[in-house]
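You will see two complexes here that share chain A, one where it goes with chain B and one where it goes with chain C.
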Partner chain A sequence: MSNSHSYNKAEEIGTVVPSKYTSVALLGNPNVGKTSLFNALTGARQYVANWPGVTIEKRVGTMFYGDRAFRIIDLPGTYTLGATSIDEKVARDYLIYESPDLVVVVTDAMNLERSLYLLLQVLELRGNVILAINSIDEAKKAGIKIDSKELSKHLGIPVVLTSAFTGEGIGNLKEAMLKISRSGIHVHYLFPERIEKLISKLSSSLKLKKELENFDTRWLSIKLLERDEEVLKLTGIDPGADYSADIANSRYEFIKELLKDSYRDSEKHYWDLNTAIDHVVTHKYLGILVFFAIMYLVFQVTYSFAEPFTTLIEMGFNALGAFVDKSVPIPWLASLLSDGVIGGVGAVITFVPSIFILFLSLGILEETGYLPRAAFVIDRVMYSMKLSGRSFMSMLLGFGCNVSSIMSTRTISEPQERIVTILVSPFISCSARLPVYIMISSVFFGKAAGLAIFSLYVFSVLFTFASALLFNKLLFKGKPSPMIMELPRYRKPTIRSLMLYTWNRGKHFLEKAGTIILAASIVIWVLSYFPTGNILTSFASILGKSLEPLFRPLGFTWQMVTALIFGGAAKEVIVSSLSTLYGASSLPGNPGLATLASQITPPVAFGFLIFVLLYFPCFATIAAIKNESGSWKYVWITVLYGLGIAYLLALITRLIGGAFL
Partner chain B sequence: MKITLSQLPVGVDGTIVEINAPHELRERLYGMGFIKGQRVKTIRRAPLRDPVVYLIKGSEISLREELSSKIVIESRFFSLDLAIPGEYVVDSLVGGRRFLEKMRFIGISKGSRIRVVKSLSRGKYIRINNNDVFIPYRQAMRIVVEELPNE
Partner chain C sequence: MSTRLVTILLTLFATLMSFIAINTIFGFFLTIPNPVFGVIIFINALVYFYGLLESRDYPKRRKAHLLIGSYFSYLLALFQILFVLAFWLNGKIEGYCNINLQSVNFPLVISGLIASFVNDYVKKAYN
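What follows is the complex of A and B.
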């Protein structure tokens, strides 16, 4: 990234953040609990999960404490300030070019030595730094003793022990922020003699450069000795040899000295349970079996646990629809309300239990720490497709929402792997498709409905893999990213955190129901009511029937075709469209949903589901593909490819199914 | 002996001597604790043998062979296929019951002393209990030995 660009960004922020706010950046290794602290400080409910790389963009929240207003900035996790992937760069660039008033370096009490490395790098760069040692609850349980006073004395900066989990120390952290915002501290720790000499030599020549007067020359010198590419370019000085190993060693030496008196590890081996669990879930043979068993369980549970609730909600909406229909005297208005709005939106709301249970299951996988293990187990397979376990993790997230899986690719450091993952993300079966699967499966596959749905999920994974392989072969010649990944310790998810996760993700579905799905339902009702008031001669039928010949080889009815068209807005709209086009009993000429079963055969129905899975992604996903890949070209590639294959496979399904039945 | 991190047997630890990874990855590795003089232990291999989880500074980190083969470590323990002629003690055998049985048959079990006589690309000639035995490469990979200091 060029410097002028970053400066522009700094100016932009300057206009957004009023100067009376004290800006505080939360920086730290991945998965140490930065977002959890952010939530505790600001009362926000940002996405928290137990794997490295959850936060990919900076998030801003406000906190009032004492007589001050603070603007807290949650940053993506990073191991060093010499970052490579996009998310890490966000953290680095923010720190360097937008220079917040305070920096809280968040570290992990269970893993203090390693996480202090970043603190030292920050101290080299600037002052006004607070050290927060988080997860102190876990450390206490493990018998680890940390003397924060001693640490603070040696480092010369405030040190706070916190737990975002129990709330311990949060008050102290606020207090420390208030204090330092009033006074300001800048400390330097010293490298060994020979490195210090090099630093001061470089510093004096850097001081002569006018254009660098905004930078700390000591920091620039250190970065030059480490051969940081950006700083080499910025200063135009080449110090020759690479001292990065030397400097890294000195930092760890310093940390060792620091922790000698202030940190006592326990005799207890907290890895024991982890090791036992990992022994099973990453086992040679069991590992893959466990993975499929877990996935099967997730989708089985999603389908069967939700069913009673689904039925209940459905009955509720039916009763409501009937009541409105009876009590509204104007026929067209009654139909709009009962068939369009209540029928359309209700058809989607019916699936809220399924969606929430799906998110709950995904939440358990994310919060326990299983996700990176799945990535670890599968990495070799991905590698042969020139991807990595990391991109597999992104794909798994796509079961919730394709947009979040596309966003999460920012943690993938190799551009080619990242683009391929973005391109294939739409083929992972997201939660919005689930209502369509359930609706169609329960009509056509009876007892085998759960299996039918699971097979769609398996198919979606296999198809995604195959497409990745194809795109890699056709479009790219790069190499996969190196898959340097930390496996977090397992954590027992709390009810509260699971509820929060489920609500955060599921809420989006409800919002969609109230906006885009509601709007689409009204449009569909209007199109199926006008101009004649008879659905068979309505605009919707004209639209559907004009395109229906195209889909005749697949066996789709004109109602299905119309529903597919509107499904471009959001996949759930397919459900509301079908329900209005088939189910709205008060529209004259309407055949009713049961007739769908007599119009098409189960193989056609399954073909339809495959078509729904693969044909074009929803608007939100398209926008995400465009933004993250940076080009419409990739949108076209994935959309046309998806449509083509969707058609082909629906046809094949019908032909094969027809041959057997 | 100096071996690469990728050759470090499961359950064994060694000390990092050198990191030959490309610059941009090295930065990251330093931040994760991979520095000269640091002890590192192999924890577990993935089902398809790659990647491998290592324990370093209290955290578990997975690396692919591509990268771990560029990290040189000093370890007293390694698999027999890497051994140069000299004296060794068998530290452990990695394999199922059939493999263990086979090894016991030729006199190799935990703690047995062996001398590597000759090193070939397809395996090792070793001397054990005054017998000369040939151990094929595939089996040698599964025998973890400890170097004995030259007396």
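What follows is the complex of A and C.
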């Protein structure tokens, strides 16, 4: 088949009208490389990770090939078409209600037997299906042989061997899509006679129902026999007995027959490098220790390796501030620019290297495929808190951003477990808190700053677990859904994918610096300057001092209280606020950041960091909690619980720390 | 790679990393005291120790511990080198020298270097 076409893309964009788009859904098990294939087909740069559950919403891209324009839809991964979690429901509903013109079922060459189960379910539902067997490069390396022609002959649909990583077979896949979009194809495979009779009987009754005329009655009948709750409700028919085990067995029998002549596995596949690594890193006890060691190294790397870059940026901003101070003749404008804008935004930008190094480290763990192993070893611990390793995966995402952590809970099928994960996700220390930790730790803990930061991360994880246990006891009495998660193969991450990962995550930090943090810095400067031009009698001072008595037991200064209030917009704003309120050189009355060390003790400083970790989440996280939980009740629970516990723990830290130091 | 050799290497590295862990915790020789990092090094030693606990009937399992253990030792050495480098660079930028012989932790760096050769050797068995 040809894969080189010299069509002028620009010309086609001009001539193709939206109605001529052929819609193509990419469907498959989690982590088989759908998004990689989507990127290869559309030229997009969607984030791809080596773990299941990355795509939680459908993504759309465009591809032009031959005389056609294709709209490619990347659906979340699903093992079956019997939707149990939200992401699986997104995939199933799309196939049923949006009815795309083509469906490409993406399977994993290394796990073909299990992947084909979904294909059979799709074939029960509809026609115009293509089978793409992905990761063929890895299968070849493992000595696996797949006869695509034989498979295609038995299934009656096009079968293409692809590798989104090397680009192998992508042209063939495009060609197959073009062919099917022109001709169309519909096949059915048959169940044993006993099941077929039941299907035919149910189909006859379903055909009489006018409201179901848009549905495939054969598929509805199969789902009824499997006692699919949604279909039972939709049709109002109860077939009585549950035939789901019989139907599943029939499908596996069919797959077994299918692969007999077309699939050859290799002996060396059974104890390879993957198995060897897994033997150690998923060990019951050793696995947890190894995970702990890796996380320690990640946070040490984040703090220590970024230090020279942080110092350089800091020096650059200091020089810029001094230059602006000298060059601008109007004193208030000079102060606004040097202390408000450059000082405020610069204080946050200084920590960009730390944030990027953190994401790079997390990216390496994700891309290599280690993170699902971490979830696997922690699953046993999680189960005692009525959560599963899947919740832990969501929580791990929270180290980047709590919003993405909350969004990823869509992969959790048990509603109660999902709500608990949403409620506790804000307590995972996100990257926005890191600049605050670094700023305070470097002032108070010197060489032990890295250790202080790591202990905050450990504390955040332990506190999140404890809160999950508490919420489960108080709010719910449910059981966690058992974690059935495929452990992906280890892969050597490519520089490109790591850069893409780091940039995609880190750029939000830069965007925030140019928007929320810039705006907040200006507001803080205005509040610090007006009405008198003296910081001690400014609006910020009035605000901070009015609330300071509440925080006196914790030992916080009024500047710290004011910074905490502004931190509601985004946690990084705490850094810019402290920088302006303590370090604004041209504002009379400012004490200077170094004096913070003489105003409060290290236990108070550590209590402040614990308060920053636990008190109410930023506005974006609050919005995510509301959207995903669908109720303000849960928002209030998180906010009030967080505030209360943050106060209590900061107080305990001060008291205990004070007793020892 | 014979089972006997795997066992010898596991014993050697388990002992070596345990000593380095104790040395790092207390700062006895060519290192400054760093208790937490010492514990991390001890986890590395445990990877080798657990390998010795595997039955002799399953040499592949023992080999897996040697593979991961040596890789871990190599990573720790690499981390230490980069850590010292970052520390030195920061001092250079700020105009002072904050590096001395003690801060390098030579025993860890050298053992990591040796472990990298062992790792290469074990990995070849899988290729």
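Assorted remarks:
Here is the rule we go by: the second predicted complex is superposed on the first by the 639 of 661 C-alpha atoms of A that agree within 3 Å, B and C clash if a C-alpha of one lies under 4 Å from a C-alpha of the other, contacts with A are read in each partner's own complex, and residues count from 1 in each chain.
Rule of thumb we're sticking to: a contact is a pair of C-beta atoms (placed from the backbone, for glycine too) under 8 Å apart; a residue touches a chain by one contact, two chains touch by 3 or more.
Because the structure is predicted, anything quoted here is derived from the model rather than measured.
Within the superposed three-chain model, A:261 lies out of touch with both chain B and chain C [touch as defined at top].
Of the two partner chains, chain B and chain C are each touched by A:283. Of the two partner chains, neither chain B nor chain C is touched by A:511.
In the superposed pair of complexes, A:211 makes contact with neither chain B nor chain C. Of the two partner chains, chain B is the only one that A:244 touches; chain C does not reach it. When the two structures are aligned on the shared chain, A:297 is found in touch with chain C, with no touch to chain B.
After overlaying the two complexes on the shared chain, residue contacts for A:110 are found with chain B alone; chain C is out of touch.
After overlaying the two complexes on the shared chain, residue contacts for A:379 are found with chain B alone; chain C is out of touch. Ranking chain B and chain C by residues of chain A touched puts B first.
Touched by chain B in one complex and by chain C in the other are residues 271, 275, 279, 283 of chain A.
For chain B in complex with chain A, the touching residues are 19, 23-33, 35-38, 43-44, 46-51, 53, 55, 57-64, 66-67.
Those residues of chain A lying in contact with chain C across their complex are 271-273, 275-277, 279-281, 283, 286, 289-290, 292-293, 296-297, 300-301, 304-308, 311-312, 315, 451, 454.
The touching residues of chain C, when paired with chain A in their complex, are 36, 40, 43-44, 46-47, 50, 60-61, 63-65, 67-69, 72, 75-76, 79, 82-83, 86-87, 89-90, 92-94, 123, 126. Within the complex formed with chain B, the residues of chain A that make contact are 29, 78-80, 82, 84, 110-111, 113-114, 117-118, 226-227, 229, 242, 244-245, 248-249, 252, 271, 274-275, 278-279, 282-285, 287-288, 372, 376-377, 379-381, 383, 389, 482-487.
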